[in-house]
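Listed after this line are the structures, all set down as structure tokens.
Same chain, two partners: chain A is paired with chain B first, then with chain C.
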Partner chain A sequence: MGGIVARRLVAFVPVLVLTSIIVFSLLHLAPGDPVDVIVGEDRPSAEVLAQIREDLGLDQPLPVQYWTWLSRAVQGDFGYSYRSRRPVMQVVAERLPLTVELSALSILFGLAIALPLGTIAALNRGKWPDAVATALAGLGTSMPAYWLGILLIFTFSLGLHLLPPSGYVRINEDLGQNLRYMILPVFTLGSAYSAAMIRFVRASLLEHIGMDYIRTARAKGLAEPVVVRRHLFRNALIPIVTILGVETGRLLGGAILTETIFALPGLGRLSVDSILSRDFPTMQAAVMFMTVAVLGSNLLVDIAYNYIDPRIRVR
Partner chain B sequence: MDERRNNDDEAARARGARLSRRELLTRAALAGAAVPSLGAILAACAAPSPAGPAAGAGAGSAAVTLDPAAKITIALTNDFKTLDPPFYTTVGERQALYSIYSPLLELDEKLDLVPNLIESWDVQDGGTTIILKVRKGVKFHDGTDLDAAAVKFNLDRILDPKNAAPQRSNIDQVSKVDVTDPLTVRLTLATAYTPLLGFLSEGPGFVASPTAIQKYGKDFGQNPVGTGPFQLLEWRKADQLILKRFDGYWKPGLPKAAQVILKPIPDETVRMANLQEGTVDIVEDVPPQDRAKVRTNPDYEHWDEAGTRWPMVRLNLKKAPLDNKLVRQAIASAVNRDDIIKAVYFGEAVPAYGPISPLYGSFYDPEVEKYGFKYDLAAAKAKLAASGATNVSFQIDVQNQQSQQRMAEVIRANLAAIGINMTIQQYESTAWTDRVNKRAYQATLGSWTLRADIDGTIYRHYALDGNQNSMGYENAQVDALLKRSRTLPNGPERVKTFRDAQKLIVDDAPWIFLLFEKQQRAWRKSVTALPKIADTMPRTDGVGRKK
Partner chain C sequence: MTTEGRSRRGRGVRIADALRANTWSTAAGAVLLAILAIAAVVPLASTVSPETQDFRSLLQPPSLAHPVGTDDLGRDVFLRLAYGARISLLIGVAATAGATIAGAILGLAAGYLGGRTDVVVMRFTDVLLAFPTLLLAVAIVGTLGPSLANATLAISLVIVPRFSRLVRAEAMRIRAEEFITAAVAVGLPSRRIILRHILPNLTSVVVVQFSLSVAASMLSEAGLSFLGLGVPPPTPSWGTMLRSGYPFLDRAPWIAFGAGLALTTTVVTFSMLSDLVRDLLDPRLRHR
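Moving on, here comes the complex of A and B:
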């Protein structure tokens, strides 16, 4: 097991390097100048502009700039934000608690809905529970996060006065309040997630329901819940876990729309803000984090395969 | 660069206008704006609110008891990245600065300059020397004293080219800063520069503790120390800035609140939802579509101001077909400003015919409403025919905001009526700025905001060496008038130079003037009003919650 993990971690490196090159190039080749954003509206003299460019290393050729960034990054130094002049690692790190919590709760919420609904749909294929579950899935996929979020605020906050409209309370300050503020954002983000998962769960279970071993299990006289739990689920789990890994990595990259609506200090907002203000060091670090998150969750999925299905030998 | 919703520059003060509040109200009323007096608001709000704290209908009386433990929350639109005064560039950052720092000079509700950290000032030697007397007994949050040396330290820091401070160009006429005694600063200017004192009431005027700057170095922007009513308690990035009362504040009896919390909430609908739910007490910029509701809602009080921000179409005079003056004038006559005000601003704006905002008091020339180009299709067609240009078509750059797209669409329809084909191209904000700086546009939809001195809204756009003159506008007469205006003290002569310049600018039409936006601040009735100074800046020293 250790060998597999180590090998996979080594395989991360070329992916990370390639991603960093692509992102770096795209950022620097896009129109728009970070120096414009730094100096604001009143452009100083040409000498001052040149000075700023030199201080930030922006006067160097691109490959040199990339190499400077890379050689520092491998030592853990991701540079300083152009706008706030703070170490980028700090800037990214302080967004993580919210992003991790929001992602984790959204996934749990999504699964809590998708697993039962998808199972019910699969077991009752063609009947009304299936239709309802499929319709809900369709609804969840087609409702844009922005629209759903505002709708939830209007209903549960302005309408029923049950929940606050936006904002964030840290976990270590007040767990109860933290969860209260998380309810609407989690619902918003988790709905889209669960909608996708319902269809996956359903499809994956359906594939196995018709198989011989299920018929055998039923013929043996096993109660239906036992059949579902012990046999059906474990076999159908592989595709579900796969998609779980992909979606988790995606969510950890930040949910920009949800974070904007609910004014949450997450990685999504940071990424967009730093792109719009051409804050290259911050943007680069945010993307690298997202890449690591995706690779990491895929690795966890692969490890999980070994436990779910011994027939799959991950090498 | 121009106003960008995500990266706006500061709105500053109408400077030097000897304009009484009554005049301002009259002018605003004539311009169609509604600026209700506090009395009228209170009368309208006399009905008790069904929920929430006891209505402050008696707030007109002086003896209102305020809760000393109050925490007041203010919703801002944009986040802030640094609280180091020379380096701020966005409206959000400047809005936060007023609670932490005091500027050297301040503005009153009539938009006149008044003493603040500077007790008195004296302009000598034809304007090339300014003596500033520093107030005695003011302390910074870290306990150190404010003195002339501290003021010099701050001004030098802005002026030092090595620091590349964005605020530098507002005061770069100052060639030397000297301390003549512990509480007196002498500024020496290369040439007389009337706008300078106005700038000392905003950006360049905020004074930070030299001790703290030296202590924190590059991190000072995250650990601000000033002389303001509140000091930093905790800054949760992208979430909220929590400030606590500074007990050593130099104004006696202030501040009233225990804490002020500044929250950037980007989405305007959610901002207003927070106000309704009471999780926010004050909203600085109510979206146009919500203003009518706020006006009639007894739970809130509000304040409307006209003329603080204005959009315009900039035309590139170096590129055909807009290098042709008659074509530009035709466009100016073809645009239906009322359509735009209705369609984009829900009526919350007044038409503009020239570059001077009505908030600049006596500088504003009511004659511009006569000689400026108004909506007149016949005149537009005639001008276009006289121009000799055929098949006129060009592209307008807009930023990716809905209001800008809508505005451009109205203009496109207006121009189509006289046979001009205008195409609209959206750009992301920084890319849009890039095109302006490179003068790559034919037409571009920009906007500008109020500055401390009227100079800040005119010179940099229309002077030959104006750093925002991306249009390539070259009128030697206008240039001479504007250069002269900088040396004249405020008074009828300075007013005349600006009015004369405006006539020429309007005729040349390097911009299509569209409208002056109205802005509205709304707050819950339980909270006292912030000073009604028309620059969208929240001054929190007196704010409190009624018991």
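Moving on, here comes the complex of A and C:
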């Protein structure tokens, strides 16, 4: 058991290192001098520019800069933001809770829709409930977050005046208000997530429905709900765990768009803003956090899988 | 009748059967053709440019003169939608084509040659997959600067793994077949085996993945444009129209709605057709 975890971790590290090199190099592939971003409009003398460059270590060879950055980053020090002049970690720490809350609620919302719909579709294969669920899933994957979000704002904020179109209240300030502001964003992000999930749940259940053990369970006279709950679900829902990991990347991509539409100050928006404004220390930290989230959730899923599925454990 | 002729007739019958069995796909095909026709004809037939501003008719609701109204600069929304279709389809197809070629080369090298090449290619793929795709595209365009070419390049790069993984798996499967062993045994060079024996057997899975990916690429383009990182204004694209129409949602919803509907309709019809393509071509489904 420990061996598997160790093996996964060993495969995880090189990918993480390569990713960090890419994130770091983006700074140097970009045209223009990062120092220009710091000094902004006023043009100081060449000596001052050289001094800034030296202070930030930008005059060092690239591998040295990378090593300095990495060794500080692993200790949680990503330097200072070029724009707000505050420690990057402080900025990230402010933004992180929103994105975590948005993603977690969207996953819950997506599963709450997808598990029943996918099951109904699979159990009624070829009949109208299947057609409806499949059509919903198709529509959900074709409706990008920015378009669904606009429709929701138009209907529920501008039309019915039920929910706020944008903005955010911190979860520790007022939970009720916080949730009120999160309804539309969660619906937006969760819909796309549930659309993908409906397909996986349906496909996985259908694959298992034809298997011998289900036929045996039915043949020995078990009631259909018992067959579904005790036999089918326990086996067919295992692959869904994998999908939770695989879909993290797409979920975070959707979070970027959702945070943009609803003007939510989250990590996704921070990463785009810092890329657009060439605030490199912030960009490196934000992109790195999102990448680690993707890699980490895949790693966790791999490990969790070993616990859930005894057939894999034997290997 | 020659074998060639018979298999061609067989394919014709299969397509006809599939179309008859898939009324929905046929309808989707008709809608997509209509969109293509609008994208092709409307810009040719129009005398004004989609960038022509008219400050006497700002934010006009839909009318006979302007079927989808005008935007905040008095430009005709319908005309801009038609031009936007060209951009969407162009980037969707071009980005996917680029990814197909790159992915096929990488996948073939990894799957057929194996060993160290395989390790290097798969690590590269793993790293690309580690980024949320949209974020990686944003980072690439943010670094290189927003333009049509850079958006295409970014979208192409982030979907390379879809193709390289698929082609690698298929190449490994085919390499284990006896006809490849035979080809190796008679001393054919690797290049010839790859081009003449493996590549033709990959075509159908690659075509299926291609058709699935075009719709995804169009969504990525619109997403980048919505974030302000796609085709720079004033060139019309559906994503930029959604972005610029968003602040006018309360006064002139037709700008964002026109673009949103055009995008969703195109993507839905495209996905329905790619399902049809999959049913027709995927060898794993054919015998069911």
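We adopt the following convention: the second predicted complex is superposed on the first by the 281 of 315 C-alpha atoms of A that agree within 3 Å, B and C clash if a C-alpha of one lies under 4 Å from a C-alpha of the other, contacts with A are read in each partner's own complex, and residues count from 1 in each chain.
In the analysis below, a contact is a pair of C-beta atoms (placed from the backbone, for glycine too) under 8 Å apart; a residue touches a chain by one contact, two chains touch by 3 or more.
A quick note: this is a predicted structure, and the numbers were derived from the prediction, not measured.
**Student:** Looking at the combined model built on chain A, do chain B and chain C fit side by side or clash?
**Tutor:** When both complexes are placed onto chain A, chain B and chain C end up clashing with one another.
**Student:** Look at A:Gly249 in the shared chain and tell me whether it touches chain B only, chain C only, both, or neither; answer first, second, both or neither.
**Tutor:** Only chain C is touched by A:Gly249; chain B is not.
**Student:** Going by the contact rule set out at the top, does A:Arg199 touch chain B (first), chain C (second), both, or neither?
**Tutor:** neither
**Student:** Between chain B (first) and chain C (second), which, if any, makes contact with A:Arg85: first, second, both or neither?
**Tutor:** first
**Student:** Contacts for A:His231 in the overlay, against chain B (first) and chain C (second): which applies, first, second, both or neither?
**Tutor:** Neither partner.
**Student:** Now for A:Leu276: first (chain B), second (chain C), both, or neither, which partner does it touch?
**Tutor:** both
**Student:** Give one of first, second, both or neither to describe whether A:Pro14 is in contact with chain B, with chain C, with both, or with none.
**Tutor:** In the superposed model, A:Pro14 contacts chain C only, not chain B.
**Student:** Under the stated touch criterion, which partner chain does A:Thr291 make contact with: chain B (first), chain C (second), both, or neither?
**Tutor:** The second partner, chain C, only.
**Student:** Residues on chain A in contact with chain B in one complex and with chain C in the other?
**Tutor:** Correct list for chain A: 30-31, 150, 153-154, 158, 260-261, 276.
**Student:** Can you name the residues of chain A that touch chain B in the complex?
**Tutor:** Spelled out, the residues of chain A in touch with chain B are 30-33, 36-45, 47-48, 51-52, 81, 83-86, 91, 94-95, 150, 153-154, 157-158, 161, 164-168, 170, 260-266, 269-270, 273, 276-278.
**Student:** Of all residues in chain A, which touch chain C in the complex?
**Tutor:** That would be residues 14-16, 18-19, 22, 26, 29-31, 138-139, 141-144, 146-147, 150-151, 153-154, 158, 248-254, 256-257, 260-261, 268, 271-272, 275-276, 283, 287, 290-291, 294-295 of chain A.
**Student:** Could you please specify the touching residues of chain B with respect to chain A in the complex?
**Tutor:** Counting only chain B, the residues touching chain A are 1-2, 6-7, 9, 79, 81-82, 88-90, 161-162, 164, 166-170, 218-219, 221-222, 236-240, 263-267, 269-270, 273-274, 276-277, 279, 428-431, 433-435, 437, 460, 467-468.
**Student:** Within the complex, which stretch of chain C touches chain A?
**Tutor:** Answer in residue numbers: 123, 126-127, 129-135, 138-139, 142-145, 215, 219, 222-223, 226-229, 239, 242-243, 246, 249-250, 253, 256, 260, 263-264, 267-268, 271-272.
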